[in-house]
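The following block contains the structure, expressed as structure tokens.
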């Protein structure tokens, strides 16, 4: 199935910090780093670990431009 | 001033489509493309044009992970 | 691949209104209706049509509670 | 007062997990489950408890479509 | 009913621009102006007009800090 | 650099609650209070303290209207 979110970039998980409710995930995407906050439950269900190949996904309405 | 948003990636505007209220902006970020929807007013006030050096900015709570 | 977004509900597209930049999509989900605004580009690339079986996807940080 | 958010679905709270800053709330909506992350402060001020009748509220710009 | 969104500020509508799918609403809130983009359908159903007393509502996870 | 986010209101930090992953920040903006949830990492990197002059920043697509 395809998702309407226009930003789906491949990367590799660098670090995961599990909190009580949320988790902070850092993903290397090419020469950049992208940071994500998801639920701890999702991090556990996806079994996220450093080194995992993932995609970071962002809806285009959430992206701002700075110039 | 520094912004709390953890994702601020440098890129170059490729295309801009101005709608009546919103604008769709496509930005090349390294080897990837990032798409953004902002207000037409902001696109005009920033005077966004193809070739502009910009940053795409995303709050980490808006980033999902796919594995 | 699995997505971290915790809300992924099956439904059927009822109507699509294409604007210049955005598209308004109405999806029947069980006894309820869920409305979505995505880019026109995504609506076209997904070739969304009334009657399509889809999933509506929402990150849990975007869900409020009213009591 | 009426809210512009187009998605306001009735449900019943199933579980609440209070974290230090955030709270994870699971709500049964018809035959589906919807998950929400709100501040712990809001969860406490609303006095959310399993069995509470609530509405889950989502702005349509936050809803993606998967097909 | 009370909504979990922690930011609910009273204001007065200054201008509304209706697009094909979205609407851009400018609201005076005290000495500041707050801008909102909602669906055209919501703007019409709320019958928004300049001079209307409204509240602008923002989930706290959507608020960034610049310092 | 200018940011496309249309809402950038000046205020003063009142309180900060650091959680394990997230931080809850309360900012006085004129006669109102605006609450924000950002990552703990951002709160620490910005060295947010009560009394700091800051701006609260919100993308217009995240603002709802209640009437």
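Letters A, B, C, D, E and F mark the chains as written, and numbering starts fresh at 1 in each.
The definition used in the following text is that contacts are C-beta pairs under 8 Å (C-beta built on N, C-alpha and C of every residue); 3 or more make two chains touch, one makes a residue touch a chain.
From a predicted model like this one, the values you see are computed outputs, not experimental measurements.
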Among all the other chains, which ones are in touch with both chain D and chain E?
-> C, F
Smallest number of touch links from chain C to reach chain D?
-> 1
From the C-alpha centre of chain A to that of chain C, how far is it in Å?
-> 21
Cα centre of chain B to Cα centre of chain E, whole Å, reads 22
When you check chain A against every other chain, which residues touch at least two of them?
-> 1-6, 19-22, 24, 35-39, 41-43, 46, 55, 57, 59-62, 64-67
Contact pairs between chains, per stated definition = A-B, A-C, A-D, A-F, B-C, B-E, B-F, C-D, C-E, D-E, D-F, E-F
Contact residues on chain D for chain F in the complex?
-> 1-5, 19-22, 39-41, 59, 61
Please name which positions on chain A make contact with chain C in the complex.
-> 1-6, 36-39, 41-43, 45-46, 55, 57, 59-61
Contact set on chain A toward chain B in their complex | 5-9, 24-25, 27, 29-32, 34-38, 42-43, 46-48, 52-67
Touching residues (chain side chain F, partner chain D) in the complex | 17-24, 35, 37, 61-62, 64-67
